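The following blocks contain the structures, represented as structure tokens.
Each of the next two complexes has chain A plus one other chain: chain B in the first, chain C in the second.
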Partner chain A sequence: MKINKMYSYSLLIPAGLIYGLFFLYPTIMSFFFGFTRWNLTDWEWIGLENYIMFFEESSLMIGFKNTFIFAFLTAGLKVVLGLIFAVLLTAKLRTKRFIRSLVFFPVLVSTIAVGIAFSVLLHPSEGLVNTVLGLIGLNGPDWLGNPNLAIYSVAFVDVWKGVGIATVIFIAGMMSIPVDYYEAHQMDGGNKFNAFWHITLPLSRPAINAVIILALIGGLRTFDLVWAMTGGGPGFSSDLIASIIYKQYQAGFYGLSTAGNVLLFLMVAVIVFPIFKYLNRKEVDL
Partner chain B sequence: MKKMKMSLLIGLMLLLAVFLVACGGDDSESSEGSTDTNGEDNGETASEENPETTLTFLVDNQTVTDGIEAVAEDIKEKHNITTEIELRPGGTEGDNIVKTRLATGEMTDIMWYNSGSLFKALNPEEYFLDISGESFVEKYDDAYKETVSVGDAVYGVPGEASSAGGWLYNKKVYEELGLEVPNTWDELMANNEAIKEAGKVPVIASYKDTWTSQLVLLADYYNVHSEDPDFAEQFTNNEAKFASTPIALRGFEKLQALQEAGHYNGEESATGYEDALEMLASGEAAHYPMLTFALAAIADTYPDNIEDIGFFGQPGAEADDHGVTLWMPGSIYANKDSENVEAIKTWLEYFVSDEGLETYMAEMKANGPYVLEGVELPDDAYPAVKDMASYLEAGKVGPALEFLSPLKGPTLEQITVEVGLGMVTPEEGAEKYDRDVERQAQQLDLEGW
Partner chain C sequence: MSTQHEIMRKEKRKKSRIRLIVESLIVIVFSAIFLVPFYFIIVNAMKTSPEASKLSISWPTEFRILENMQEVLAARDNMLLLAFFNSTVITVISILILLVVGSMAGFVLQRRKGKSINIIGSTFLAGLMIPPAVVPTIWVLEQFQLFKTFPGIILVMVAISIPFSIILYTGFIATIPKELDEAAIIDGCGGFRLFFSIIFPMLKPIHSTVIILNAVQIFNDFVHPLYFFPGADNATVQLTLYNFMSMYSTDWNLLFANVLLITIPPFILFLIFSEKIVAGMTAGSVKG
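Take a look at the complex of A and B:
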């Protein structure tokens, strides 16, 4: 018994070392360096100053608001749209496989490429989107240049890119629901909507929960898409916490950006843990 | 069982600690080792009279290196010193690379970097070779020398001609509409109005490349300097602020005034630097507030139009005090810890010698005056650069703020976009910038902040 235990632990050491050295150690150190003003050779303890600055400065504070909007908006849309797609694509359609791969395709494209492509498509006068809108007589707005709109435009592109993965998870969840339930439901003379509401939805709960958590965490940490599409602009209007951290780091404000990272870590934890617990309680067994 | 887990955990922690220490030790040894082998290499290939040396040279990929390469070839021929150019990204990403390589002791023998505030943020005393004793330093223009010096020590060699920040304009549009080069801000606004009425774009704002948004503010510094010569010093010492100094605030106000009058192109956020150059060269737009280094790009992409492009400094309130804000050239710095100090000195000396400059100028056209005494602008300079001559003769030039003060807030480009788009007032923008500068000063650990 004892030897067996030892043996299994010893196998963990190499991975543990790497994990500890490259993940745990830097994470713990960042909590310390968040309280300092440091450069690559030296540090100075300044207490909570970095954190206070993050909350006082409007150009830093806006990141929290935008990240919040972005994460919940994209997660919500991915769940709703993903469910709709999944229901359609588990139905008896002839081109099912083709459409499935079509929906999943954007997931495979590099985020930066998607960002660049969409910033061309969303160009106010020459972009495809506004050209098409122009054909039906609508005057499209400056999607990325309007400070009030930019963050939403980026969010919709993120949904376009991410909905495929949600759909695939939902399809997997729905396929694992035994046909018996639907047969029984049919025997009782229920309609399609009832079948969805009372069978599909509750029994896909684990899949839905997985999508919500994944999409939320992904949304809270998004950086690349915003960076490729707007760079946080115009001004600071579409900055997310992650892009602010990156900019502060580039500027050489290492302490401030470390503090931002700690705040991001805490924000993800505070938002995701309770939701995770709540959702897990609501799951039902098949 | 519990004990077992505990001891394992402690053992793991100890191992981790040992591993860390070992890592630290390894680092310094390996870097020493590598410099040693470098030295040996040189020894092996050395011939007796003229030993062959190789110098590594880190340059950012935005700098056009044709001139440097031409001079390097000369140096190879005359002094048997080979130059290996290594490229790095530009902008803030490149800054990070430079800072990291300096801190870890992995800098190349010589490197290219900005002069002024960015250079001073590198902590030069620690990393660069003091060349104040070399004879060629005496040729330096004083204003330039200041931007590559810390105290009495001089670290940089000018790597190119200086450039100016101001307004590039399309001479054909001016001719067509019968306009004169404005000498005051009001005249400029009147010109803009006439251009707008003629259905052309008066001023290009290319905020897709956010850095271009700073020019209206930065190029206004001649006017600040001329009214309040002590501003830079007081600004550095935390005694003067943009928000509370009316003449400094003017720059932000001018950005906004252009937006309010509807003189920008529209679609500002979707217009990039390249688009702007095309609009200016084609005559679709009349003005572009920019640095004169854009001339090389225009000459390259629109060679037929370069003769149409002129230049004037950003005018202030008084017609008889119309001057130009100068941007000091990027410089070449030597690594203090290099094995090849003698070769580096030979290299640098040749680079700014008359022969070296001749080779350089044959390859590269100047964006502005050279910062070395006795070096005149060649006759085949771009017309827009010749437009600068009258300002130079009248002595109406002054360096930009970033060459007088080590402080330049890193988010200025986002703030000037906000002001330029009318998202915030000039006062709010200036206050935001003052806070940004404060962070920078604290990070640099300046006195008085």
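Take a look at the complex of A and C:
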């Protein structure tokens, strides 16, 4: 008890004050302002109107669908590709350090820079991607100009930029698996493919869970990449909730923008919390 | 004997040759996917405007890299230079604050036991998941007259970076034996002195991780300056790049020179600290 006194709460005050005032307080207040029409000084209570608008306007509704697709597609691809890369990069490759650096570096590059570079690479007629496809006789689509395709193109660029984190997390997980397990497996006559299914995959579970959760949270909140590549277009076809929040804010609809924030919060809570609980329960069962 | 030996050697050579082919294939595929975009940016940043407009990956016929960079830096009354200055100020001050308040909080959160401290801890961690509430944050900043000011954007950056920094600190502090604290107490150290004169200096390795990870994050941030630090004088690096995108829509060489310029700082950090960055990111994520 006396010891606890040494770890005085007063050491928590600066962090608590900044975090409380500039993060928690606005978050709590968003639940109130989502029910209002306001201009930062005056507010008028309008009940559920903002939320009803979100579900009735098809241009707003599309943001939900896109955010959902974007988050799950990018998270899924990051897990699958990250696992493949990690298996390759923990094998006896002489160039593995070089390749690991290649895969990881985009993580550190600014999203806007990546977005700009890829909007040029994906240019329908002159872009490098379609030029290469043309060389092998394929007619590449208008990646960012086709409303049915734009959100998927952005998602692939997001995976390109973010798969490095998943890869290094998986590598760290795989490196911590004792070599004995693989040796025992080999002595029992098992092959490498089986070793992956029966040793590597189950023992990478904590790393896989971490990647799923991280990627989902990141994907649900994505804004800058979509903004740099398509601006939500063509039309509203590649809008995400986060880009809608920005557009409504720019247009001066602060209440509507805040309602979007609340909906994004709820979406994260409804999707991520249950998955987090589910994944962690399984971990205990093992 | 000798023929058997020969066969074995041949087999070995064949195997190593297959190995070499497979390895080269892997390197080629990964380079094509992850290196070509950067190569594309670099060669086009060096070209003249008409040559860059072809959007090809060919080697430049005329090198204009220095002229391009000069032109980009001088554009709009040296806007990019101002942006570099602003982004550096925001990054450095935010990190200095984070180091002190983050480690203090991490220390108490790791050492204290009990229900109330657990609740406080999870409240901090919730910040990793919750998307920041945009307009209400502007509203709070306005109340303190901090909207569009350096202190305003810095406090917001610190607030959103605190959760991850706390994870890094608690993870590291857990490896410092508690006996050390007890010895200090017996020597008559108070809580604050225990932390600042004994614990804080021991955190050097994790301080550097916190510095590097947050430097990359804050310097590269686009969203928060866009919302909380608008205005022409308040240019930040990423925002400037975004605005130049429409301005240079015909001069790809200048746009890519700009991209190249702002990618240099993270690239240098990566060259020097890649191991530390990777370790910090994996440690933080697995615990979170």
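Quick notes on this structure:
By our rule, the second predicted complex is superposed on the first by the 277 of 286 C-alpha atoms of A that agree within 3 Å, B and C clash if a C-alpha of one lies under 4 Å from a C-alpha of the other, contacts with A are read in each partner's own complex, and residues count from 1 in each chain.
One rule holds in what follows: contacts are C-beta pairs under 8 Å (C-beta built on N, C-alpha and C of every residue); 3 or more make two chains touch, one makes a residue touch a chain.
Keep in mind it's a predicted model, so treat the numbers as computed, not measured.
Using the contact criterion defined above for the overlaid structures, shared-chain residue A:123 touches chain B and also reaches chain C.
By the touch criterion defined above, A:252 lies against chain B but remains apart from chain C after alignment on the C-alpha atoms of chain A. Applying the stated contact rule after C-alpha superposition, one finds that A:6 touches each of chain B and chain C. Using the contact criterion defined above for the overlaid structures, shared-chain residue A:21 touches chain B and also reaches chain C.
Judged by the touch definition given at the top, the superposed model places A:40 against both chain B and chain C. Within the superposed three-chain model, A:113 lies in touch with chain C and out of touch with chain B [touch as defined at top].
By the touch criterion defined above, A:264 reaches chain C but does not reach chain B. More residues of chain A are in touch with C than with the other of chain B and chain C.
In the superposition on chain A, contact of A:90 is made with neither chain B nor chain C. Taken together, the two complexes place residues 5-6, 9, 16, 21, 25, 40, 123, 249 of chain A in contact with chain B and also with chain C.
The residues of chain A lying in touch with chain B in their complex are 2, 5-6, 9, 13, 16-17, 20-21, 25, 37, 39-41, 44, 53, 57-59, 123-125, 142, 144-145, 147, 230-237, 247, 249-253, 255-256.
Listed in rising order, the residues of chain B touching chain A in the complex are 1, 4, 8, 12, 15-16, 19-20, 92-93, 95-96, 99-100, 103-104, 121, 207, 210, 267-270, 410-411, 414-415, 417-418, 421, 423-424, 432, 435, 439-440, 442-443, 445. Chain C meets chain A in the complex at residues 23, 26-27, 30-31, 33-38, 40-41, 54-57, 97, 100-102, 104-105, 107-109, 111-114, 120, 123-124, 127-142, 155-156, 158-160, 162-163, 166, 181-182, 185, 190-192, 194-195, 216, 219-220, 222-223, 226-227, 237-238, 241-242, 245, 252, 255-256, 259, 262-263, 266-267, 269-270, 274, 277-278, 281-282, 285-286, 288. Of all residues in chain A, only 3-12, 14-16, 18-19, 21-27, 29-30, 33, 40, 88, 93-95, 98-99, 101-114, 116-118, 120-121, 123, 126-128, 131, 160, 165, 168-169, 172-173, 206-207, 210-211, 213-214, 217, 220-221, 223-224, 227-228, 242, 245-246, 249, 254, 257-258, 261-262, 264-265, 268-269, 272 touch chain C in the complex they form.
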